[in-house]
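Naming follows writing order (A, B, C and D), and every chain is counted from residue 1.
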Amino acid sequence: MFLVSSSCPFSSRSMASKTPVGFVGLGNMGTPMAKNLLKNGYPVIATDVFPESRKELQDTGAQVVDSPADVAEKADRIITMLPSSPNVIEVYTGPNGILKKVKKGTLLIDSSTIDPAVSKEMAVAAEKMGAVFMDAPVSGGVGAASMGKLTFMVGGVEQEYNAAQELLTCMGANVVYCGQVGTGQAAKICNNMLLAIGMIGTAETMNLGIRLGLDPKLLAKILNMSSGRCWSSDTYNPVPGVMEGVPSANSYQGGFGTTLMAKDLGLAQNTATNTKTTIPLGSLAHQIYRVMCARGYANKDFSSVFQFLREEEGQ
Amino acid sequence: MFLVSSSCPFSSRSMASKTPVGFVGLGNMGTPMAKNLLKNGYPVIATDVFPESRKELQDTGAQVVDSPADVAEKADRIITMLPSSPNVIEVYTGPNGILKKVKKGTLLIDSSTIDPAVSKEMAVAAEKMGAVFMDAPVSGGVGAASMGKLTFMVGGVEQEYNAAQELLTCMGANVVYCGQVGTGQAAKICNNMLLAIGMIGTAETMNLGIRLGLDPKLLAKILNMSSGRCWSSDTYNPVPGVMEGVPSANSYQGGFGTTLMAKDLGLAQNTATNTKTTIPLGSLAHQIYRVMCARGYANKDFSSVFQFLREEEGQ
Amino acid sequence: MFLVSSSCPFSSRSMASKTPVGFVGLGNMGTPMAKNLLKNGYPVIATDVFPESRKELQDTGAQVVDSPADVAEKADRIITMLPSSPNVIEVYTGPNGILKKVKKGTLLIDSSTIDPAVSKEMAVAAEKMGAVFMDAPVSGGVGAASMGKLTFMVGGVEQEYNAAQELLTCMGANVVYCGQVGTGQAAKICNNMLLAIGMIGTAETMNLGIRLGLDPKLLAKILNMSSGRCWSSDTYNPVPGVMEGVPSANSYQGGFGTTLMAKDLGLAQNTATNTKTTIPLGSLAHQIYRVMCARGYANKDFSSVFQFLREEEGQ
Amino acid sequence: MFLVSSSCPFSSRSMASKTPVGFVGLGNMGTPMAKNLLKNGYPVIATDVFPESRKELQDTGAQVVDSPADVAEKADRIITMLPSSPNVIEVYTGPNGILKKVKKGTLLIDSSTIDPAVSKEMAVAAEKMGAVFMDAPVSGGVGAASMGKLTFMVGGVEQEYNAAQELLTCMGANVVYCGQVGTGQAAKICNNMLLAIGMIGTAETMNLGIRLGLDPKLLAKILNMSSGRCWSSDTYNPVPGVMEGVPSANSYQGGFGTTLMAKDLGLAQNTATNTKTTIPLGSLAHQIYRVMCARGYANKDFSSVFQFLREEEGQ
């Protein structure tokens, strides 16, 4: 395992020496990531389905082209950041996809969060064209993307890891090598499943403690010095008033939305079903976040499960 | 909130100055706790339903009597450590119970893990006799009891807390004041419910990651630096080979048994049902530990849920 | 097992020959039940905590007294119909309770839905006074109570069953003997737990089928001729438009309220926890009805779980 | 909706008038189905990956060929009966697949139980070749297949339904038209999900009732006359001794295996996840059957969940 916590090693060098980097997918996450490459002196050749997104990056200094195939023609290192598996399949293997014009030896890094089985399929398709595909999903949201503080979990051939790392350290604070292709996705999915379980568990535990007469701050303190401790209890407590600077202190605005958590749990459920793995709590966590999406919590931070589960006065 | 992490304040004093302490319930936990009181210079007046347990403590220097009522006659500070709610009710309010002969002003400290509603009933019954009842369940097992390293979570009238603390610090490393009577139990139950959820969550997450090709040690490392981190992932990992010195490294022997966890989750479920609190994951965790008891895991450490959920080869 | 589906065997007899029947608990269910006794020619001696309820029954011809003890003084057959376990304990064993003045040989029939363990306690307490206690909870709502169409599930000494049956057939269409004291409650709790599981299962199955393009009426028809068939799919379908004359055809008004189902599932959960019985789906059904109570579904029919689980447009 | 419960309408006609029917997939289900076509006078052209299966059908009078493509060359009505989605994809779109040599106007009927999304893909691929694809999964096991008593749930273009029905009635007792392509699968998946929920629910309810002192036969009788009634309680009761002629009366041998139920629940979970449908009990039922596969119940009938959940003596 390689864990790197450094800033971009080339950030002080002159632009002249750097070869261009392709970037496909200029959404909320992709745009700040591409900008960080530019800041670090990499010429960027980018595209997106939305013209406004292309325009924004062009104004920052990137060269914009029409399609993923065009990107592949001009760059031999390409990063993709897309919403879901079908988009990744289209961008790589579609009629104007990267693989239509990819050059031999090109390094393809996909930072989307998708089914690891799709990552493996893309790696096989890329290999047939003489290119190398790695999955490198991120943890951290839009804020971390802007500040270059993302964590990348990387799966793929180990020999290519150094080359990937050079670029990823310009966009993230931590880069972790996880193993063969798909293991980056696997690590991401596993972490978020346990996160969801810990968050719902913390929410219901805090609810129960309050009902039984405990002060929420005191209960959090006791849990955090005991075996109930978890990230959701000590760093991102879901009960308003227990911590400052977290979504629960701000009406559950900002943070990591319930729909995004439901999507990641859907990926966890699919990979578990397809590998015949038993995940009872992960499965129930998925169902809870799904029903929250149906009941008006879609755009609130995922810690709002505390509020969702809480019985109203008078019931 | 008061949190004390000191050793017993009187441990260097001479024995002569100390008044006797009563102790009812000389099981696996009660015996080492009573011995620590003796070590710290307190005369102990003890009883238990089993003659062998009485004999063992007598040999260590305690005075042994026939019934809880007899203890109450001779001591004005009494600690009880019993298996479950019905035992507590019997020991306090039964025909030979403490309250039959309790002296006015006696301090009663119950370290059993029971339903907080029963603690409240006992407090009311004690008050009628002019005595004071506090609940002070422990976290930590037989080992911690022997070394005087238990954590006590204390509920009861705040003015009496100092008096309780004097004794509890002889048997534990941490003493936490939680609030009114019953909140010690509430804190214990809440912690153990979140612990169970975190453990099952960690087990299924590790299982899924391994299925997806991740090395278990690496996955644990990634979780522990990310938002999936919890006590079960970083301190008590359930996967054999990931950590040393935990039950998973020793065929799930020792540690905290599945039946004990099932019992605590039953208490959590009862208090949640009776207070109309929604605990979806806590409820499912309870069911999982119940079915484990039925399928041969009753006496293994509760981290054996990793093994229970794991699909065998060839399925 | 005795199953009786007849009308009251004495309904055509003259009033003169009948000894009075006591009735405690004149709520939504108790009042029409007591009226049916009156209609069938039984003098009724009744009481309730609310004066208005007493007044209403007095106007129908009952004699009204001040307390359960007063009822016990004047009647040697008494029926009780109360909201929950604590009320039953109070009415039987409280300071003005039935057992304070109960006559030897009195037949006590409790039609409340409560914890079977409490029924057993009441039976023991009654036996000490020389009286006989039977539990006889009902299935069927206010409508069935008015029309004398309730089903009674009866637990208690078999020799007394005939005497109980005489009265119960005046209020119900079916009377079932279930076994020893507490088994009437057990049967009721078991039925309602399976009912809740079947209803939620039907709701999510119908939801899934509709999402997959099936017409709801056709899907119901297929399920009802196949192994998915259950009472909730063929008699009380939760999808608006599939059946006439059920709550789903009337905005989920009327029927069996979500809070009542949550209460019965709480009883099922408590008895399961206390007998160490694993009920994974029953447990989750309980949690779902609890969270529905918290999210505005408390007073809707329990089939509204279909609506609760349904994703809104645009999510 | 069309529901046909007749025997094969052409069974008395002479063989001469019938055109051949192709059959791919000669497993436990496919072989008796193909034999029923032969019995009804249809020439059958068949293939399978296993030579022994081909041999068996050849001995019964079928013409055997090497590949699905060869079947397509010789028959313009083809039935496929395969274990899972990947097999269906291979048999239709693989290098020697049906679509390589399919004739215009050919009717393709897939009786496999697979993801409805795959059925839709196959229909699109078939349409491109001028052929028509319908999904027609069955309910009923090997026995029903042998006796021609299967139920077919059919999805596809309505105009082609009559042609499909002609063949399906030779192999089944019921044929139900469900709607557009994929709805046959949807109906099958929905039914089996509700079946699984009903079975586990019945198992835990019977377990709880027995614990509470009810006679299992009496409890089943009460449930079956009440709102807890379902197919698993009244037709396929999981408790040994309650019914004759069901797997629970025969050590859970025969019937519908736990692995098969786990597979169908996996399909239900996948379609629910992909359509963002909330299925809390279906999800948990899936997890329970998965863990049963891991704990030695893989080859027992799915009603063995009664045994799986039951606490052993002495726990």
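We take it that a contact is a pair of C-beta atoms (placed from the backbone, for glycine too) under 8 Å apart; a residue touches a chain by one contact, two chains touch by 3 or more.
The structure presented is a predicted model; accordingly, all values stated were derived computationally and were not measured.
Asks: If you average the CA coordinates per chain, which chain's centre is most distant from that of chain B?
Replies: If we average the C-alpha coordinates per chain, D ends up farthest from chain B.
Asks: Same or different, please, for the chain B to chain C contact, judged on whether over half of the interface numbers appear on both copies.
Replies: same
Asks: Determine the centre-to-centre distance between chain A and chain D, using the mean Cα coordinates as centres, and give it in whole Å.
Replies: Distance between chain centres: 39 Å.
Asks: Centroid of chain A to centroid of chain C, CA atoms only: how many Å?
Replies: Their C-alpha centroids are separated by 52 Å.
Asks: Of all the residues in chain B, which ones touch at least 2 other chains?
Replies: As it turns out, chain B has residues touching two or more other chains at 276-280, 284, 290-291, 293-294, 309-311, 315.
Asks: Under the stated contact criterion, what part of chain C meets chain A in this complex?
Replies: Contact set of chain C toward chain A: 259, 284, 290-291, 293-295, 298, 308-312, 315.
Asks: For the complex, which residues does chain C have touching chain B?
Replies: 262, 266, 269-270, 273-274, 276-280, 283-284, 286-287, 290-291, 293-294
Asks: How about chain D: which of its residues touch chain C in the complex?
Replies: These residues of chain D touch chain C: 1, 116, 139, 151, 153, 174, 176, 178-180, 182-183, 186-187, 189-195, 197-198, 200-202, 204-209, 211-215, 218-219, 221-223, 225-233, 235-236, 268, 271-272, 275-282, 284-285, 288, 309-311, 315.
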